[in-house]
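Have a look at this one before I ask anything.
Letters are used for the chains, namely A, B, C and D, taken in the order the chains are written, and counting of residues starts over at 1 for each.
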Amino acid sequence: MHDWYQDKLREECGVFGIWGHPEAARLTYLGLYSLQHRGQESVGIVTSDGQRLHAVRGMGEVNEIFTESVLDKLPGHCAIGHVRYSTAGEVSLNEAQPFSIKCHRGELAICHNGNFPFAETMRAELEREGAIFSSTSDTEVVLHKLARSRQPHLQQAIADVFRELEGAYSILILTPDSLFVVRDPRGFRPLCLGELDGATVVASETCAFDLIGATYVRDIAPGEILTVNREGLRTEYPLPPQTPAFCIFEHVYFARPDSRIYGRSVNKSRHKMGKQLAREQPVEADIVVPVPDSGVAAAIGYAAQSGINFRFGLVRNHYIGRTFIEPTQSIRNFGVKVKLNPVRDLIEGRRVVLVDDSLVRGTTSRKIVEMLRQAGAREVHLRISCPPTISPCYYGVDTPSTAELIAANQSTEAIRQYINADSLGYLSHEGLLAACGADEGLRFCTACYTGKYPLPVPQRAVGRSHRA
Amino acid sequence: MHDWYQDKLREECGVFGIWGHPEAARLTYLGLYSLQHRGQESVGIVTSDGQRLHAVRGMGEVNEIFTESVLDKLPGHCAIGHVRYSTAGEVSLNEAQPFSIKCHRGELAICHNGNFPFAETMRAELEREGAIFSSTSDTEVVLHKLARSRQPHLQQAIADVFRELEGAYSILILTPDSLFVVRDPRGFRPLCLGELDGATVVASETCAFDLIGATYVRDIAPGEILTVNREGLRTEYPLPPQTPAFCIFEHVYFARPDSRIYGRSVNKSRHKMGKQLAREQPVEADIVVPVPDSGVAAAIGYAAQSGINFRFGLVRNHYIGRTFIEPTQSIRNFGVKVKLNPVRDLIEGRRVVLVDDSLVRGTTSRKIVEMLRQAGAREVHLRISCPPTISPCYYGVDTPSTAELIAANQSTEAIRQYINADSLGYLSHEGLLAACGADEGLRFCTACYTGKYPLPVPQRAVGRSHRA
Amino acid sequence: MHDWYQDKLREECGVFGIWGHPEAARLTYLGLYSLQHRGQESVGIVTSDGQRLHAVRGMGEVNEIFTESVLDKLPGHCAIGHVRYSTAGEVSLNEAQPFSIKCHRGELAICHNGNFPFAETMRAELEREGAIFSSTSDTEVVLHKLARSRQPHLQQAIADVFRELEGAYSILILTPDSLFVVRDPRGFRPLCLGELDGATVVASETCAFDLIGATYVRDIAPGEILTVNREGLRTEYPLPPQTPAFCIFEHVYFARPDSRIYGRSVNKSRHKMGKQLAREQPVEADIVVPVPDSGVAAAIGYAAQSGINFRFGLVRNHYIGRTFIEPTQSIRNFGVKVKLNPVRDLIEGRRVVLVDDSLVRGTTSRKIVEMLRQAGAREVHLRISCPPTISPCYYGVDTPSTAELIAANQSTEAIRQYINADSLGYLSHEGLLAACGADEGLRFCTACYTGKYPLPVPQRAVGRSHRA
Amino acid sequence: MHDWYQDKLREECGVFGIWGHPEAARLTYLGLYSLQHRGQESVGIVTSDGQRLHAVRGMGEVNEIFTESVLDKLPGHCAIGHVRYSTAGEVSLNEAQPFSIKCHRGELAICHNGNFPFAETMRAELEREGAIFSSTSDTEVVLHKLARSRQPHLQQAIADVFRELEGAYSILILTPDSLFVVRDPRGFRPLCLGELDGATVVASETCAFDLIGATYVRDIAPGEILTVNREGLRTEYPLPPQTPAFCIFEHVYFARPDSRIYGRSVNKSRHKMGKQLAREQPVEADIVVPVPDSGVAAAIGYAAQSGINFRFGLVRNHYIGRTFIEPTQSIRNFGVKVKLNPVRDLIEGRRVVLVDDSLVRGTTSRKIVEMLRQAGAREVHLRISCPPTISPCYYGVDTPSTAELIAANQSTEAIRQYINADSLGYLSHEGLLAACGADEGLRFCTACYTGKYPLPVPQRAVGRSHRA
């Protein structure tokens, strides 16, 4: 695996659901395809034909697993789907979602983006009561709780379960006759509602709606449980309300720039981050160069604000496959070169402001800086469009442990020296909040930058990260 | 799918286990390879490295799923494995065994050859208590029962579960530190114990021992629970004893002729069936021709007894793949021809005794008779080395429903006319028992020939078949 | 690769052709499937739609390469196809036939079973004249000669080429409008003509006709050039006639027993070989056991003649894949065990006559004898249904070099000791000829048993083997 | 296939070669990986181990065909490789390069980027003389000519052949002991020379050097024949000199922006095209938006010159696979949406200058304009960074026929209406030349914009396009 692959926060998952469309499986396939950046290691779709559920899951990308003939095995008017990135070691297909099971309520499928920090306790309790688990996933805890609930109606069972089990979750549940859409009361992870030819669609990001031609209606609200079935849509808010805590990192890095999440354009936030970064961390330079693709929008903002010329000084290889054969002799910066190549003509002799979205371990940034210097850069000033990442996420993002987060352990000056930049500047916490619309009333989780966790975390989990 | 594929009783499953060998996964692979005739549709291996279990399952044959690199993912000194034939419709990987789960006892894997006629009742009860099921398999019921048992020791929990849940089962259970081997008190399905370089091995048939060079020690006894771990082997018989009821159909058709099961050579039984058949159903003819391969041993016995010449008049294609592209125009007897071709030189002008092991729906036999007539046979006398199959099996063999079993619905004469043979003769019930060693004290289930079920079957299940 | 795989004479190739049927590609696929025993390493089909040729070739077995969608790329009413075994080292797809090219005559495809002992000389000459070769195959020499010929009609060009280039060949040539079928004047390799619904079919063996329901018409005669096109069938004999020299080894081993080649049943020949072998090499014993499958027919003959009981004492594994993962520890006779397993019950305490078709290096026979001894055989008497193999074949069979042919270098007694049999007996040359119908006028090549080559071989080739 | 895939000029091919490095195959793999944008449909590598050539070719992308185990089959210190885009219909592996053959000179492999407009005539002549062709490729003509040449030395034979056969070609020829590098006297296609640890490397573009860490030395000169072998490098110019005619379209679209070809940075040329376009085709607008990725550099130049803000208003999907399952219902602009999605927040209410590199059929541009309008654009002004494409290319670029080139048939105003833009502006011929460095002495082919062909084209070929 390439070094640059190790050195980022990995997206957790993406979900997509549809109710009431003759091409449910196919549109879910397309929706997941648009959400592929949220997870590339496993993918699954479960459909309902009104009587029974049909499921296909696999390890790989959407268009590796789903061919025409596979989609043909997924009949019905309703579907849910999931893309997932798996943490190191968990390569098993058992972990791929949606999970589909049978219990006293009949058939039931579930998929999930988020994390339950207290799942482990509940899992141990369930095990003591005789439950068996097929995966290591928190999501299975939810299934057990649903199956054990005495509530006659699934909707109420769902409410009961989530009253008991706090966490970060955007969840879709499919039964032969209904689709349930659930978002946690803090709204950690995004979840959008749309409409297509009378069918109801939900997706982690609006870019999924764009591809299938669906119209964005609104976000699923924090704490909302939406039930979709033959009787239409019904919304309830049975969970104790909480102050929202939208994951700000979705705006910084995860979400696609063309998406709208929390009702706000991701590109707009990034552009503003870049502008604010230019105000907070100005520097004399000749060109602003993004680390593509995630750094592009902020770099354009930085250039616009600073008046320094924006240039595409790093070109990204279109054809990166998942495996890559390395030469046995060592080639300098080989891992990064597979992905990026400098445009020497632009870099040579120039003072470069290099803009990236985040800096995790620092190993990749270090190599990019070196690559620019080899290409002749006179100075390299790294600007990061968010504050230093100092704490792990417990709400669905796979972060390295605190020990590996360079900013949790070293001063900005020490980091600058490590990556060998002429200067290093981060966006401030306030700057980030403002760029993301805090002034307009949006309330965010920023725990990975501050260590202040909106939903407290069990002590023994501290320092480890989770996600599902 | 070819017609001949529809017209037989499908083997259920085969199991293999090993404890205490550095090449556990590789030897399990070889063992399963030898048991491939017991199931070709899914295969799985779970190993233990002493701390954790490692699992790989897949749809396909042993040597499609397990490559060098896949086996490398299965470290450890202990392993269990399973090959399986899946009934129509259940194509899901979810059904592939061994199942591996986590529960309050820790990690646990299980694989199973047999069937639980009462599983459905217990499953419904478990569901009412909140259990969730990931497959349709009976085996999952066992897992839930084990997880719910209060018994501190797994061995006792196993005993408890099977005291409550009667059925036909040869089961292997693997935990990080122990292997449990269980056979039901009637001993429906075979299970053999062997030894290789100090390691303990178990397998459905002894042919698995031959390939890996293991020595056959004895059969696992009906009702035995054998525990293998660092402290050695421990045997217990905690279940209420029962009169044995070894599946006689293993000797008729399922098992490989080079295997020894129930302590008796399969080839020997078949040879004796053929001899007895010649005594009971003599006929004047020129040659005895087997339907290869399952009819060969009985045909040789028939020839030996009758003095009629044995000839290999039907040749079997070595290269049958699982899928086969048919011409759009219809070719006479096409399905059977893909598998078998007559040796015209032998058949032409001759009176043929055709020997096969069983006759299920009659559709294939009919085509083979026709094929022989086209090849010039003067007469075709079909001899079947067992009695008419009149009842479904509830103990692990996938039988068509009673309505489809031709002998359950028509007289032998009517069947003869249907298949267009000059005569048709079956082996008698007594003849079959004698051939299989009943005189020497072996006690068999023969329910599919008599309708007399050693373990009574829940009323609502009657007429349907099960297996796992 | 398994040892038993090294220790036999490998079949060279099989050809199939059809003219005038709407399902040409599909029937060719079926025909090749029946000829799969003649070559398993590459396969190809070329069709003509009347205007253009369409080709697919691949490395692997027929049903790996040809799926529905691949066959759909092969439109037209005429087709030729080829299966091939490749000699060590030549793994390239470049060698897979049919070859299809364009030259001044237009498009042209060719496939070939046989060998040209003088091709190398002609190849060197062509290269000197500027020809380029894409493969190492003799067949390409034929293409060059056809392309260079001044003859306006392809049929005459073919005659010219083969007047100049002697050898062993059964060749099919397809152009957009015609099919040419050619067999060398000695008729070394078989080639049969059939008919199906008005379409003309040709195949290496009649078993290909049986599967598709075609009727056998006659053999293509030695020296015949048959042209099939819209004007019907036209036969010519433009080549200097020769005494026929049908490869006797086809009857001994290569051809399927259910085939008829040179107008004679292969099974019949083998049965007679067995009988004659019993006369020439009698022995006191309890049972006759074949090495399946190639030894079966001769073993039945041996048993019939000698009065000793025929028993199926070696069982052949149905599921041998091409690759097989070996355990790292050595298991005795592992390679042979993957393919064969003894039926201990039959072998134990018995004096066994083991019948096989040929003995090449002796390594496999040695292991089988050892396996039988381990299974308890009291005596093992090996009988081979042909004379000692002492010379390589230059006419299309891949033989080890003289140095590796055990019978070329050691006495029968020395071989017996090497394989550790109690006795070893070969069929005599006269016995073999008689069994194959020499009395009825058939004339055979038996050079590999006698060193007397019907078509002399260039001096420098002696000791090396060729085939295409 | 997606509509956007149809509507562009497809890159022909890319070549890479190396002489004198122990990891020749692996470095060629990496080089081809960097050149993947020049052809994605077939790929091949041939190596020399000093005695023999070793070849692997396949249909697909570099990292689909070349795995570790495949590369292991390619030993040796020298290698040549090729990526290729195949024109419609030619899906055959026969067309994949490098071709490797045997002739009187021994083994020889060749790969080629370019086209021979007169090949057809020569091919017909060769066929008349008895040559056979395995592919439809011009490159095979070269092989035949080399094989027929009487010149004792290959180098002289090469000179002879190309004296006779004019065209556009960057060619690599590998023999067991030498590498020959040839560029046509007009230098139509780029070809660069580099150095890595003492080994000689050549590549179509310098980006291949960057990935493997090689140093750019110089371009192979027009008309140069470079021989690399144990005696070192030897350069000759045996061909009649010509005025250079570097393909300007490489700078407009084909080459990667981070490459340097004809000794000039591609990014620099594109940036200048954008600036000049802004001068020639100014417009009042709010933002400049590129069609990514090919339009980015010119858009940045346009923005820089015009002072209008550069914004990334179209986002490109990272995960486009080669096949894509479409919904059966039609989704508006579906094909383009799979690749691009507008950032509504940037587009809405804005006057947009949309910058793309070329406009071929116009169908894609039309859909992009519509997509922007749906996203709320107030005005859309399309700017193309080259002149109207009015003539097909005969020198290695796969252009639609004149009938399909919209600018060959319609006025700019008519095109504007068709694509429904508010305005449409092209860069002038002079502007393009200046941007690409004509002032600095570079001489270009611009025939596709002017119809003035530097190397005249055989009459009957006019209107059709070729490439190899």
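Methods note: a contact is a pair of C-beta atoms (placed from the backbone, for glycine too) under 8 Å apart; a residue touches a chain by one contact, two chains touch by 3 or more.
Keep in mind the model is a prediction, meaning the values are calculated, not measured.
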Joint neighbours of chain D and chain A, given as chain labels: none
Chains touching both chain C and chain D, listed by label: none
Same or different residue numbers at the chain A/chain B copy interface, by half rule: same
Inter-chain centre distance, chain A versus chain C - centres from mean C-alpha coordinates, in Å: 61
Interchain centroid distance [CA atoms averaged], chain A/chain B, Å: 48
Separation of mean Cα positions, chain C and chain B [Å, integer]: 37
Residues within chain D bordering two or more other chains: none
Sites on chain A touched by chain B in the complex: 55, 92-94, 99-104, 124, 127-134, 136, 143-144, 147-149
In the complex, chain C residues that touch chain B: 23, 26-27, 29-30, 33-34, 36-37, 40, 61-64, 66-68, 71, 197, 207, 210-213, 256-258, 260, 265, 267-268, 293, 296-297, 300, 303-304, 309-312, 315, 317-319, 321, 323-325, 327-329, 331-332, 334, 337-338, 341-346
